[in-house]
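Some structures to go through are shown next.
Two complexes come next, and they have one chain in common, subunit A, joined by subunit B in the first and subunit C in the second.
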Partner chain A sequence: MAGQTDPHISLFSPQEVEFMAEDEMVEIVPNMNMEPLNFISGDFGRFLPQIPTQVPLWLAVALKRRGKCTFRPPEWLSVDNLTQVLEAERESQSTFQALPFSYVEIARLLFDHARDDIPDMYMVRSLVEDIRDVRLHKLETNLGSFQGTSAVKISNVSAMEVNLVRPFVRRALEAFYKHDKPEADVDRDTRSSRQPREANNEPRELQCPCLSEKKSQVSSVPIFVELPEK
Partner chain B sequence: MTSNSDLGSADFETLASTSDVELLKRAWRNEKAAPEILQYEGALVERAKGQIELVEENIEDYVNNGVDPLVVSLYQMDLDRTQFLLRSYLRVRLLKIEKFMFHNLKSEEAESRLSEQEKVFAKSCADDLAKHFEKCVLSKLPENYQSVLKQSLISEADDMVPQPHLDTFVVCRSNNFVSLNLYEEGESPETVEMERGDLYFIRYKIVKGAIESGKIDLI
Partner chain C sequence: MSQYYNIDDILAEEELVPAVFQVAANVRLFDSSDDSNKVEPGSKVELPFWLACELHLRQAVSINLPTCFNQKTREELAADAAHVNLKNRCPYFYELGQKLLSLVGDRTIGPLLLATFQKRYKEVLIKAQTVALAVAPKFLTLLTREEIKLYEVAQSSMAAFKKWRVGGPRFQKAYVIGKKRKPLD
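Let's look at the complex of A and B:
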């Protein structure tokens, strides 16, 4: 039922995370003629055969299931790009590569409904699964090295991954904060003199050295929500 | 009815023309993730309700006029999605009201964030609960312990009232460059600066103000 996810398991149920991902825009190529659709969530243009248009993912999947369009897979969902990302993920133990915020959900939906529209589908699918495994493993190992802090920066973590680790990290950080607080006044001065702050102003010195590293080996702008523009 | 630009509903530059559904989704997400109840988006809810009713009528017309069933089903899907957002938003708020019943009525700040109907609901809920407690338990306890709000007559504060846990950690993403004080007044001023699009696990209290002003979103 709406609004009644058990907060102790995770804040959002997987269906709700997918729901949020379904508003991402993707490109489709309709094979029929249709008038513009004036939805509450927006207006989506005339559908002309063979003219690509941008629509939300849920609409694209609905049209595809009725055989009314084909998908143009997003740029990041290609064998080349994913192989690169996978290698970079494997190399670095502490940073995450830039991937669309909802890459898990988008990839899943496309695999389920648009197999024939993705070139080398099996290769792409196994790459995405490998990337997911590597990232999750990285998250798990990094979680073990937490230290007390007020803010932890996590770069390039995707929606599903955030939702998975959220309950644990929340309780861990809260416990740290609770136990840390009475000693905070004493320790803070010694900490700040020990390690000078970097110019990019990371939260506190004693922080999880892994997740909040700002330098990234592969220089790419973190993409969270938007898919790369064509 | 405001509409999205073609470039995607998450394009922050077009915040001025963000659709109601986007705003509703944002409000829903923030409400779910925040430990306390947030400001009621009255105008947004009213607009959403109006649009939903309009589309419901349209769909009926379409069905009666024999419009292509595909188009009708697509409109129905869009309607379902918007309805889910609205319903879930209201239900999450009700859940929070029930959880912190007495606190919401006591604290002026919390009460100002409720809508009129929510206030009525909260009041009647609290009354019912108080009556229930009194009847079943409190009247049978010794004199000094009969208050619903206080542990005993000796307590100075209302310590039987659970308060929202504002020090809980939330995941947030900032929409702009934001610089925040990590600690409260009087303590050493460490700040955290967030670039647009950064994800942080951070204490709710620190980002509370920024969420209200729309600079930060909870994920």
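Let's look at the complex of A and C:
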């Protein structure tokens, strides 16, 4: 699947990544009575007051906006857990802690729409930001250690982080691959297949659209190079 | 690698390479001192790569290494690759090197390109993530085309992420929505 915003460098915009993260399931506690909702992606509900239920994040946000539910923040989004994760992230320079694949986006959506449902909101928020910064920095240091490998394995990198470095890594690996190939075999083959054309016995004219002594001034006058008979 | 419509590939072939004529040839429009339009065998000329390459295939010229692959540059690259001004020497350093690889019997070029890229890549990576846009131009003057592109993609994805993080209007209003309808006459 290619990015929609900028297909040229195959990058999803952060908004698109967020859109995809909205399919993650969260737990909400409705405060209204409603029949189940039947969607293509599945049936959600039925909604009964004070009975927790699982819905996609986008639906939860929509209900929350109308004041029809409260969020149950996911377990990983607690001060205790996040403090632990942050410490572990800081300790090891090469491995990443397991967090939900789209933790950046989920956290952001919850902070935007459900600030009253998260205990210690400000603490949690700054912890998530710290974790994100530490991880990003670590990811960059990891990328710096490329030495021309054609396969890279870093586990537990989240959606937003992957998306952030994707265009750069793609280009860099392409370049590494190009220079790493022993002796550019392909190129050599094509050239040598053209070699037999050398030295026929009649003089040839090689017509060139332009020839420039200096690169800046390209003359548009055709030139002819006449090769003598052998 | 060498795609027909790739503009960088075309421009890379415009780079001048020194060549030595092996045969006498009639070359018009050379900047020769007399009007004879003759090139003696053994005369040194700088030709664009595409022309030198074709002439080389016809065994009319032999190609030498351009100045950006000379000993002095190599020593500088070995000393501190990240701060050598490659743009000045040859903005298509890597591409030209790749092309020359098969024409010039110099086996050290391949490893040289790889080693250079390895060292300079790190610098690009660090600068792309940290340096503010205002400071960047000074650093960009050192880079070859390929490295500049690498830098730009890293920078643009970082900028997009920062913009998203800061937030702002979540929905973009369609252009027509804000407009007032003109009353019909």
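Observations
Everything that follows uses one rule, which is that the second predicted complex is superposed on the first by the 174 of 230 C-alpha atoms of A that agree within 3 Å, B and C clash if a C-alpha of one lies under 4 Å from a C-alpha of the other, contacts with A are read in each partner's own complex, and residues count from 1 in each chain.
The rule is short, and it goes like this: a residue touches a chain if its C-beta (ideal position, glycine included) is under 8 Å from a C-beta of that chain, and two chains touch if they have at least 3 such contacts.
A quick note: this is a predicted structure, and the numbers were derived from the prediction, not measured.
By the touch criterion defined above, A:Gly144 lies against subunit C but remains apart from subunit B after alignment on the C-alpha atoms of chain A. Applying the stated contact rule after C-alpha superposition, one finds that A:Pro56 touches subunit B and leaves subunit C untouched. In the superposition on chain A, A:Phe39 contacts subunit B only, with no contact to subunit C.
Looking at the shared chain after the overlay, A:Asp180 reaches subunit C, while subunit B stays out of its contact range. By the document's definition of touching, neither partner reaches A:Met121: not subunit B, not subunit C.
Of the two partner chains placed by superposition, subunit B and subunit C are both touched by A:Arg166.
Of the two partner chains placed by the overlay, only subunit C lies in contact with A:Gln15; subunit B stays clear of it.
By the touch criterion stated above, A:Val79 is placed in contact with neither subunit B nor subunit C. Of the residues of subunit A, those at positions 11, 166, 178, 184, 188, 204, 224-227 touch subunit B in one of the two structures and subunit C in the other. Of all residues in subunit B, those touching subunit A in their complex are 1, 3-4, 6-11, 19-22, 25, 29, 32-33, 48, 51-52, 55, 70-71, 73-75, 77-79, 81-82, 84, 87-92, 94-95, 167-171, 173, 182-183, 187-188, 190-193, 197-203, 206, 219.
Within the complex formed with subunit C, the residues of subunit A that make contact are 9, 11, 13-15, 18, 108, 112, 140, 143-144, 146-148, 160, 163-168, 171-172, 175-176, 178-180, 182-184, 186-188, 191, 194-195, 197-199, 204, 206, 208, 211-213, 215, 219, 221, 223-228.
Those residues of subunit A lying in contact with subunit B across their complex are 1-4, 11-12, 19-20, 22-25, 34-35, 37-43, 45, 54, 56, 58-59, 62-63, 66, 68, 150-157, 159, 162, 166, 169-170, 173-174, 177-178, 184-185, 188-189, 192, 201-204, 222, 224-227, 229. Of all residues in subunit C, only 1-2, 14-16, 23-31, 46-48, 51, 54-55, 57-60, 94, 98-99, 101-103, 107, 110, 113-114, 117-118, 121-122, 125-126, 128-129, 146, 149-150, 153-154, 156-158, 160-161, 163-165, 167 touch subunit A in the complex they form.
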